[in-house]
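Shared between the two complexes below is chain A, which has chain B as its partner in the first and chain C in the second.
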Partner chain A sequence: MVDPLLEALRLITSGDLYVWNVILRSLQISGLSLGLAVVIGLPIGVAVGLANFRCRMPVVALINAGLAFPPVVVGLAVFLFLSRSGPLGELGLLYTPLAMIAAQAVIAGPYVAAVSLAAVEGIPPDIALQARALGASRWQAIMLQLREVRTSLVAAVAAGFGAIISEVGAVMIVGGNILGETRVMTTAIVLETRRGNFEVAIAMGVVLMFIALFVNVLLLILGRRSIRRPLIA
Partner chain B sequence: MRSLLSLLLIPLLAFLSAACGDARTPVILAATTSTYDSGLLEVLIAAFNREHGTIRIRTVVMGSGEALELGRRGDADVLLIHAPEAEEHFIEEGYADERVPVMYNDFVILGPVSDPAEVAETDTPGAAFEAIAQSRALFVSRGDSSGTHYRELALWKTARIDVFGPWYVESGQGQGTSLQIASERAAYTISDRATFTVLQDILELKPLFERHRSLLNLYSVIRPEEALHKGEAQVFVDWLTSESGQEVILRFRHHDTEEPLFRPLVRGSTNPVLPVPDLEEMY
Partner chain C sequence: MSQRDPLLIGQGLRKVYGNRTVLEVDQLELFRGELLAVFGPNGAGKSTLLRTLAMLEKLTAGRVEFHGKSGKKGEEALRMASAVVFQKSHFWNDTVEYNIGIGLRLRGMSRITSQERIHSICDQLAISDVRTAHMSEVSGGEAQRVALARALVLDPEVLFLDEPTSNLDTDAKLDLRTDLERVARERAASIFLITHDRTEAFHMADRVGVMRKGHLVQLGTPTDIYDNPTDVYTARVTGAEFTLAGITKATEERMVRVDVGGATFLALGEAQVGQPVKLVYRPEDLVLGPPSSPHRELSTRNLVYATITDRRDLGGLVRLRMQGPPELVALVTRDAARELSVEVGTRVAVRIKATALHAFPTASDRNI
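Presenting the complex of A and B:
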């Protein structure tokens, strides 16, 4: 019997069609979910973090509670919404990549919002005051503050990505693990392990770990670079 | 900021247009783990697509109970399952007109080679289950409302066992995983023959009771009334029971095993197969 680990590495390096299709599909779906989560979560996190309004505490608490959403429950909720007998059933989105994108965006959104909120909260308030005193517009002052915490915002995006690329329960429920459409690395690992195809499962596992590592290192480097850049040119 | 937005929107739009660009009508097929994990469905669907290019079958894999529930909710257009009594109930409730038997194989009672409960000595499935319960040897149940789980519960009833102790373990998982759990824990279990055949090389389990007429495992196809694409779903149902569909089932093998994993059932199929079980008597 061939060593499954060696066979797994062969599958990866030989560009096995099935393995690579699943990997690309994973990146596509999680990437788009992350984009959606950033577009929605980042402005919310930054706005709540910088603003001062009444009932702020409950809003902050709500965003942080989103971090504790069990992904599989998010999956169940999205399933019930998109089911043909559910409120959005007419759209026929259950068991499509779009359903997975919706679920993953709901999972990653709170990560992005909560981490960016915590980041901008930590900005010393005098930075904005000084900028305004030096003649910066309100918008310019906000952008200046964001640049200050650029590393942490990058970390917010990384946290969101980490939360979804390795998630399995929700995508299994709403995506259905359909070959060539909604099968991603995590659900493929579950299936191939069940089928006893350990080498295929290991191949996906190795790639999944490398992707997680690669993204985090990349984001770290980006973050470092942003620190060295002079604050006010 | 604008470039960031377009960076996100362009792939999203490209993806949407690609996803919606498929002109084929999607038919959602809810099928049991045994038909999918063995590889049969992939082969069947590929063959179906060669004849019917306008329909796209999208397979979702789950236990029979869950598949029936999807049928009730209108989330599945076709069900390929093996839980005859639950299927009859589904029809009585008015969720479908009929169920069409497509193929069969049989269930196998498996256990550790040492066979501490001496299941191999028994002569009916009921007696086999009674022996397991009396020896308090570990038993792994699917526990997931699948066709195999329903059959297992029926066998406990036949054996008149209704008290279960710590020796009875519910995995709550598909057939492949449950077999692996039983193997790792040297437990008894029951499986459909197809999944066991595919996995037997990595399992330390032995068939201890098999080839008994009451262990028949019958797969049927159902088109629920709630199906969205009824016409296309019916085309698939008709194809499965047609000569070409039945031929694919008969020819399907795991590697080079001699025995087919599933046997076609529809009378009048070109190749006469094993004696067709007397369904009326068994169900």
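Presenting the complex of A and C:
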């Protein structure tokens, strides 16, 4: 157990080409997926959180239901959309990083939207009035409201990242685990474990654990900063 | 003193929530340079009036004009030229300095100019010590000064104040009121103050409006309102808290002669002969003298003889309850009480000026 772990650390620190190729591809795909999920999910979460409209409850329920979507089912749905006989089959995106980005964005989007929605719903209603009373336009008033929950919005992004960086089922289905193209840390861990290359699998696992730890520490720091709550006097 | 130049005009202001009308004010003008205070009890519609005048709340009917502009244009102009301090202010989760500078940033002011103005207003309102502190580290009194500072730093043409001192203890309230008067008068062109504290309203304002159940029941200078309350409610909130029920016996020009349990009083007011009325008076307006030789100032008009039934010492003043008929309550200085040797059971002569006694028909729907 100790020898493979030491070898794994050596692979990481020595800049092993294969290991780092997979790590960087993982970060690239998850990063772009997250970007897409934030661009779509954050405005939806904020808009639904701030707005008061008919059928709001079903929309909120739908967003929250997105948290419970099994990633592997999302992968299957994206696969069916992108397969030759699917509606987007002609684009030929199956087994490409773009397919993986799309699948991961669908998984992360509801996390970003749901957490930001919950954060925005918790904004005291008097902030908008206070902002307007100080001369804010409607847009400026919204930004001043979001400023109050900025740590929660960062948490929404982190939650989305956490949902996809360690995801394996969907990326395996739509990506296919092609070396240099669609192989990411999670699919590589599955493959290298099956091959018996435990030191490579452990190296990927260590990096994944480190990233998970980093995200949680970041959340902890943000949480501590938000302890100094705004007051109403 | 105010110049007679209306800056803000509210016309036919009406606000309805569901089927409840919370505001119905025909006309209200805020003149340039004046401090207009509107006061009344909780739920009178004062805050709704402030928010509608500040164009922060949509009206069910009516219009508000600022510099002759109404609608979107008026709202935009007022938004940039006014500031509001609420009873409960929200502070952003940041430093005092950040919070004071919010309005300046929203107006696109440069960082350097903003800093200068923030430093200046902090000095004026004695919060320089906490300027760099986080909002969670300041006291309630300091927080309310921050709320005032971030409004005044904008040098607003109209400053709206919604009970700014109501959450403070007595000392902090007095301190803030003093600064409010001094700094706000200096930095804001016109001030619209909402309060349920009549002392605050009468002490600070050029004009006072009295609100009740969504209506502006009286508007005038503090002296006007104090001397000529238009109904029992206004009389009560201006300190005329005691009432006598009687029947109108005769009427004269703007005066009525009222029988109260056998005693006759001449009072200001209008009523028909035989009509039941309420007489309201301020306890400090009763003048007491010895019954054998009434004080030389006590004429025979509105003079009754009564026996002290209760005496309460209230620091520098003494409250005396007396049975005439009618039952009366007087507030006299400790010196006066000592001079008259008033104790429970003492017989005294009591007089009240006709101009200090206001008669209101009880049939009037404006009476309580």
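One rule holds for everything that comes next: the second predicted complex is superposed on the first by the 213 of 233 C-alpha atoms of A that agree within 3 Å, B and C clash if a C-alpha of one lies under 4 Å from a C-alpha of the other, contacts with A are read in each partner's own complex, and residues count from 1 in each chain.
The rule is simple: contacts are C-beta pairs under 8 Å (C-beta built on N, C-alpha and C of every residue); 3 or more make two chains touch, one makes a residue touch a chain.
Please read these numbers as outputs of a predicted model, since none were measured by experiment.
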First (chain B), second (chain C), both or neither touched by A:Arg10: neither
Chain B versus chain C as contact partner of A:Gln130, first or second or both or neither: second
Touching partner for A:Val39 - first (chain B), second (chain C), both, neither: first
Partner chain(s) touched by A:Leu144 [first = chain B, second = chain C, both, neither]: second
Chain B versus chain C as contact partner of A:Arg56, first or second or both or neither: neither
Residues of chain A contacting chain B in one complex and chain C in the other: none
Interface residues, chain A side, partner chain C - complex: 124, 126-127, 129-137, 140, 144, 147-148, 226, 228-233
Chain A partner contacts - residues on chain C that touch it in the complex: 51, 54, 56, 79-80, 82-84, 86, 88-93, 102-103, 106-107, 134-136, 140, 143-144, 147, 150-151, 154, 160, 167
Touching residues on chain A, where the partner in the complex is chain B: 28, 31-32, 35-36, 38-39, 83-85, 89, 92, 94-98, 176-179, 181, 191, 193-196, 198
Touching residues (chain side chain B, partner chain A) in the complex: 5, 8, 11-12, 15-16, 19, 28, 33, 37, 42, 58-61, 73-75, 173-174, 176-177, 180, 198-199, 201-202, 226, 228
